[in-house]
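Note that the chains are named A, B, C, D and E in the order they appear, and that numbering of residues resets to 1 at the start of each chain.
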Amino acid sequence: MKLDRRTFLSIGAGAAAGGAVGSLFTPLPWKLTDDLSIWSQNWPWTPDPARGEVTFAPTTCELCPGGCGVSVRKVKDRCVKIEGADGNPVNDGGICPLGSSGLQILYGPTRIKTPLKRAGKRGEGKWKPVTWDEALGEVAAKLSDLRQKKLAHTAAVYVNGGEGTVNNLFLRLATVYGTPNVFVSRTAWDTYADALLHMQGEYAKPAFDLENSDYILSFGCGIIEGWGSPVRMIRVNAQVAEAGSGKTVVQIEPRLSNTAAKAGKWVAIKPGTEAALALGLCHVIIREGLFNDEFVSTFSQNFEDWVDEVHTEHRGFKRAVLEDFPPSAVEKITGVPRAQVAKLAREFAAAKAPVALFGTGKGEEAGTLYGAMAVHALNALMGRINQAGGVFMLPPDADFNWPAPAMDALAQRSLRENRIDGAGTDRFPLASELPSRLGEVLADPKKPYPLHALLVYAADPAFTLPETEKVLAGLSQIDFVVYCGSQMNDTAAMADLVLPDHTCYEKWQDVPTPPGFARRHIGLTRPVVKPLFSTMQAGETAIRIAKAMGGPVAESFPWSDYIQCLEESMGARLADMKENGFWEAEPDKGPWYTAFKTRTRKFDFAPRIISPAFPDTKILLPTYEALTPAGSESGFPLTLIPYENLRLAAQNVGDTPFLVKTLPDSSLMNQESVVEINPATGKAFGLREGGAAILSTPAGETRVRVHFYPGVAKNTVALPKGLGHIGYDDYLAGKGTNVNALVGLLPDPVTGHNAALIARARIVPA
Amino acid sequence: MSQSSLKPSETPADKNAYAGLWAVVLFAAAVGFYASLLVGWIVFPKLLYSKQNQPIDFNHVVHVGAVDDSCQTCHYFREDGSFAGMPATADCAGCHESMDSLQGENPQEKLFVQDYVEKDQKEVPWFIYSKQPPCVFFSHAAHVFSPKMRQFRDPEYQLPEEEVEEGAYDDTTCHVCHGFIGESEHNRPYEENRITGYSRDIWGENIAGIKKHTWERMKMDDCAECHEKVKGHKEACFVCHK
Amino acid sequence: MFPFNYEWAWDMSHIVFMGGLWYALGIIGAGVTYVVAKSAWDTMKGHGGHEEGHH
Amino acid sequence: MEIAAKSAMDKINALFDSLTPKKLLELDAMLQPKGVKRAPFWQWGLWMGFFTLVALWGFYAAILCWFKGLNQTNMNDYYGFALWIWADLAVIALGGGAFFTGFLKYVIGKEMPLKYIVNYAVIIGFICYSSALLILGMDVGQPLRGWFIFWHANVHSMLTEVAFCLSCYFGVLCIEYLPNVLENRQLDKIPFIHNLTHNFHSAMGIFAATGAFLSFFHQGSLGGVAGVMFGRPFAFREGVFIWPTTFFLFTWSAAAFGPCFTIMLTKLIEAITRKKLVPDTAVRFLAKISGWMIGTYIVAKIADTLYWAFVTAPAAGWHLSDFYTGNAFYGYWILALEIVAGGIIPAGILISKKGRETGWSLTLAVILGVIGVSVNRWVMVLQVMAVPIMEFDQWALYVPSWQEVATTILPVAYGVLLISASHRYLPLFPYEIEQANAAEHHG
Amino acid sequence: MEAAESHEKQKMYGMVIDLDKCTGCGACMVACMAENNVPFRKDETDKFKSITWMRVYLLSNKKDYPYSDICYLPRPCMHCSGRGGHGHSPCVSVCPAVATDYSHATGIVSQIYTRCFGCRYCMGACPYHARYFNWWDPKWPEGMKEYLSPDVSCRMRGVVEKCSFCFHRYQRAMDLAFTEQRTELEENEYQTSCTQACPANAIVFGDLNNEEHQVAQLVSEPPEGKKKFRLLEQLDTNPKVYYLTSKDWVLSAANRSVKEEAKKAESGH
């Protein structure tokens, strides 16, 4: 038989067949099958987190002013989870979504890992890493240079709050350096503090004893949406749901917020008219004689009409509200039925421990002074001051007994310059500073003088101030913007120089009393891990800048480093703070006859201001002044209001990836903000659920998606606040719209602070 | 059904031709058969596993002799009940403080002290023979302390009335899974499956997966085998998995 | 699939289900083996292409 | 004759030795069944080329799904099952013609006239089932672990039953298809293969019986897959023994509608090849059976639907309207399409002698039938996923991605290729060959 | 594996969620994601592909302003024990490869990512949409892998995952118990991440079989003025997550069978 190709093929086939059969009798095919599936179970690109000893390290959360104690779970030296610290009086084991996603900030791409110098155009995101010496040197040089040129007042400092050692180090720096242009983010708490200053004669933050109140009347406060200390407030709110608790919350708000939904009663009201309702309640309480007679007659003044030294007759608070705010009038202003006004007033008066709260949403907007005074007057009428379940006074946490700053002539001179925002001038006599006007001022060609330098610590004016466009434009006019903080937020993105701070998991620092908290409570952040990157405690940064500038500026910072400063500032309190993670003290609950620091030691229903600014004495008689947003009713038939909640971090810290992930379709759709609109109105404007639309206001316009929500009034649209960032990372930046970009300034006629985020708007299908 | 009208020839010559071809094909098949047996049993295992030596050649015998309470001296339980497994360099440094205070002459010790202890106690990248994949939760506590296991070891066992010293364990059963590693004077090379990254100990030395002793294989079925013995029933997945 | 699999249990459902399966596999396997073997045998015998196939 | 045989062999060897276009054509001719007329090679080549391209497109999509993962599809957490699973259920139902014809021919022993169509039914079945397996291979998120379904089988899961019976029955189909392949004019000349073919034929009864047994279970368990989901009121059906009613309905409908598909394709191919390939007797016989099967099936289906609509679903708090209103797509029309247009009408036509013996009405009936069963499978997969269950949940609609579509078309192209090749080179249609040979003898 | 679970006390871990307290803040969702190495993507707006073991749904009373009302409903895995509590939950009974099973020792429905081969039958079977598929390879931004916990294995692309009632916490707690010569856990020793995080303490977790645990008490007698319900009870899924509410509209918005009764009642009048 010849070995032709065919035979050859046959042999090959035979061998192959034999081999195939044979392999079945070896481990090869079977083990390979098994191992391949095991490979798929342990893909090298699927992480296998390292194991190790588990430990828990305490610190205090700094992502919002809430001041929650947290416990960080670690595996070896990695942080793996943040949990609420059990037993902490603020949050007792609870934690908010932002707080528990803190590790995405600690380890995340938004961290600033080293000092950065702008390399590209402003806001372009091109940076050049520099050493700390270079960075600090440059800041000191630039500032000293201005100072030499007698331009100290053209350098501004912007901080996120007036309390705590680090904020005050920056404020102190501003003072000894000699600039009047100090900006402190302005909140409803500050406005209430002003109200207390005028009515009770002492500048103090309000402390609400909500745990012991049985009737909480909230004038638009997002009780469970971030107002005050979020976790604490949610715990308070949960008491209401506790079966058999006599506690109730009444929410006065234009929109059905989570708070409104959870409240015992939701009073729907026209945006920005809360003050009128408060005074309406006062009217009923006074008319029906339901007020606390002892308090009003013995411990208050200017309740009845009064005559001043030049025999001028002045209306007292009583006559003013009786004349100006009958329920019928209030109904016209607020849209709240007169019957309900009366009913509310009676309920409030009848409650054992009622208390009225001020500050819309998270309290991030200043609101009006009269608004705060009206609400506080309501508390006063019922004698709720220094009473269990009422409101107390907390002087700011700034008592560090630091040596008096060394002020040289240069500083003293330039400190006398007018502030660029006009605060304290005849135009705004009652304001100490007006951050909300920053955009407007910087954009104004006729501004008194240009700003040459801006030093921002932890705040995010580029995102949080109204009229974003103007603010951004203004920032880019400033020659030298320095940002000091731990995350690349919108302001950092606009800066020339970035000085990275540690996160609250890497540093020692005091955390001031959470807003509205019932006791003085100073928390302590502690290094849970060694600083991961080349960052520096911001307080240390301030001290080093001062020292680098030398002279009196340096002298005013006698501490060797921030740690020493912290120890001296906290003094005896530090022991507690180190042991428990916080220090606490009861507020002054003194009896009414010692409670008030006014000239007459009485509570003042209509304080009068005697100041050169007012030729004829100014009397702050709480009333309601309508706020009229720009734009014509015909051109902009709708009212735009923002809404806030805990899934939307809208202050100096933005949403983490986890937080963005929790946003429902009704807040963010694709990459666009979703606007809530009443179904009837929506249909009238030819919109459809989920459809795209163009929302425009006199300040600007944006593309949004539509969500029909019966929880907003007709002709009203609500937009989530906290989206539309330009800084941060791909997980947040460019998602949605910044409400601030759509609303114009709406100044409080009395103080000039921004009264509310309200705008006229128009919406058309896109 | 064959519709073919052709018929293959039946002349003797062709018959032989066919038969011959058959023989050849069958022979070829046989060769192929044996060749693949060779590959499957001898060549394949060699290719499948990589071999590495431990960074330090560790002598268990010496150490067990030197310490008071054998295994648990170095392989101890932590406060929270978790098992520390490989001792950290810091633990070793308790005895092996520095080059000036070596315990013996062994070059391996020198190596260890200068390369790890004196390099701010950096950890030794030991290869773990018994390393289980991420999806496995193995509770040493359950296997060492659970009453069931104690009873399994000693049928007379009762839960003690008085508090016993926490974390102290008797190491009579370590070998059930780990073999008599405590009696080894040298580390055997660590073999790793190139595809799965598993230690060879998981599948076992025997490529056919046959084991003579409990510690020669650590696949799930081997765990299950014992669990059924001790617990008397099969377990839910969420006992050993995470 | 086999009694030595962790998931196996000696209960009704396994016996019925797997019983049926192995039964079917058995028939198919046996059938194929028979056919191949017989064909090989026939070929050796030199059969092939005879018309037995036709009915 | 002998000479012819040997010379033929040598010819082939010669061809193998050096292939030139000319010789290729010779080879093509030699491989075709004797005496039949086939399209010119270039024409056939074009046809094959086109469908090869389509198949490649589908294959590319498949590669994407395998390497990039199922994010290539438009499936989501609401649509874990979608187009692919529907395609699976559909082709398997349509491929049911194979097991049913095989069952009738080999088990019931209805040799005539089914022998004219059985090869063909088998190849369709083969295509459908191989496609189904291919699609399943793509549909799982971890193909490398696919074998777990056998090794770690959970015998309580309908899917396990499907997997086992499906793959076993596919084995049977291979066995049923193999002889037909081996009957190729040239292969058949090799004695061993000739014997193999012969012996397979004689043993086919056993295989067919086993196949029928297996198909009964996997067709059924495919119905069970939906029917057992007691969390899904739209799909859930009460049980008979351990199986929900859908189990039996699926088997029955596969047996009933499978032949429709076989007939439909026959008509199609006859149209394309412009030849009579299957005698009317065979077609009509199948049509008649199919008619009665559909008739009985649709009665059962209606009964089942009524019971479900007025007893099962309401017991869980659902009304019929909850399933067919309040969304953009699923309305009562789909119910009508499935039961009336896709069931009652074809049944009526096929049962009536006139209906099934008139060309156009027969064609209409089988097409309606195919649509009917496909809609049924669609509903039992996709509408199940679409219906909201939690009170506050929403209807979920879905549109497949191009990758899903391409991979679903892939089997169609592959089917066309296989049938075209088989038809060209294998005695697929005994009738055609008989005719050809008859003609030759006369000539 | 129903076979004699030996003499250990059989647990039946479950949850009670007070919808009156839940504020929809999302802390449970985030705490869950942080605890369980849940991956996230740059765009998570497609909620049909967004992995949230714990998901907070929004209920509405569908009335117009100012009578509209909303309520949040957190939805973890219900860990159903199925008809008659035999452990035949909708998902367990259908999984072809026993990648998910019901533990009669704890009442917890497992999900084994390395066994799952991604057929997604369980997702189709689960009426609560508590099961999620890994459509993509999990990816973390540079550096963020640092916070991943070794207690929970990361899931690879192509498998199904779901809430595990933080079973790894049970495993760790038992470790400690064993070293302390205990076989039983205290109520507070094993709590899920969401329970621990919830600022409103709306979630209560524990052993439904143990009348000393708060869950058991809340289920046996709900607080004054609150009604308890489970989602889709009428389907015989027998879920282990109970909800409390004092609002009738919430009852009907969340629960069909109740809605049916309500309808009948209305038609009755």
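Please note the rule applied: a residue touches a chain if its C-beta (ideal position, glycine included) is under 8 Å from a C-beta of that chain, and two chains touch if they have at least 3 such contacts.
From a predicted model like this one, the values you see are computed outputs, not experimental measurements.
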item: If a chain touches chain B and chain D alike, it appears here; value: A, C, E
item: Interface with the most contact pairs, given as the two chains involved; value: A-E
item: Longest centre-to-centre distance from chain B, chain (CA-based); value: A
item: Distance-maximising chain from chain D - centres being C-alpha averages; value: A
item: Per-chain Cα centre nearest the global Cα centre, belonging to chain; value: E
item: Chain C and chain E: spacing of chain centres that average the CA atoms, whole Å; value: 48
item: Between chain E and chain D, distance of the C-alpha-averaged centres to the nearest whole Å; value: 42
item: Euclidean distance of C-alpha centroids - chain A vs chain C, Å; value: 76
item: Centroid distance [mean C-alpha coordinates] between chain E and chain B, Å; value: 37
item: Chain D residues counted as touching two or more neighbouring chains; value: 142, 145, 148, 152-154, 156, 160, 188-189, 191, 194, 197-198, 201
item: Residues of chain B touching at least two other chains; value: 1-2, 4, 6-8, 10, 18, 80, 82, 133-135, 234
item: Two or more partner chains touched - positions in chain C; value: 6-7, 9, 43, 46, 48-49, 53
item: Contacting residues of chain B [partner chain C, same complex]; value: 1-2, 4, 6-8, 10, 15, 18-19, 22, 220-221, 224, 234
item: In the complex, chain B residues that touch chain E; value: 77, 80-82, 133-135, 137, 139, 141-142, 144-147, 159-160, 163-164, 166-167, 231-239, 241-242
item: Chain B-touching residues of chain C, taken from the complex the two chains share; value: 4, 6, 9, 43-44, 46, 48-49, 53-54
item: Chain C residues within the chain D interface of the complex; value: 1, 5-7, 13-14, 17-18, 20-21, 24-25, 27-28, 31-32, 34-36, 38-40, 42-43, 46-49, 52-53
item: Residues of chain A touching chain B in the complex; value: 1, 7, 10-23, 25-28, 31-32, 35-36, 38-39, 41-42, 44, 48-49, 53-54
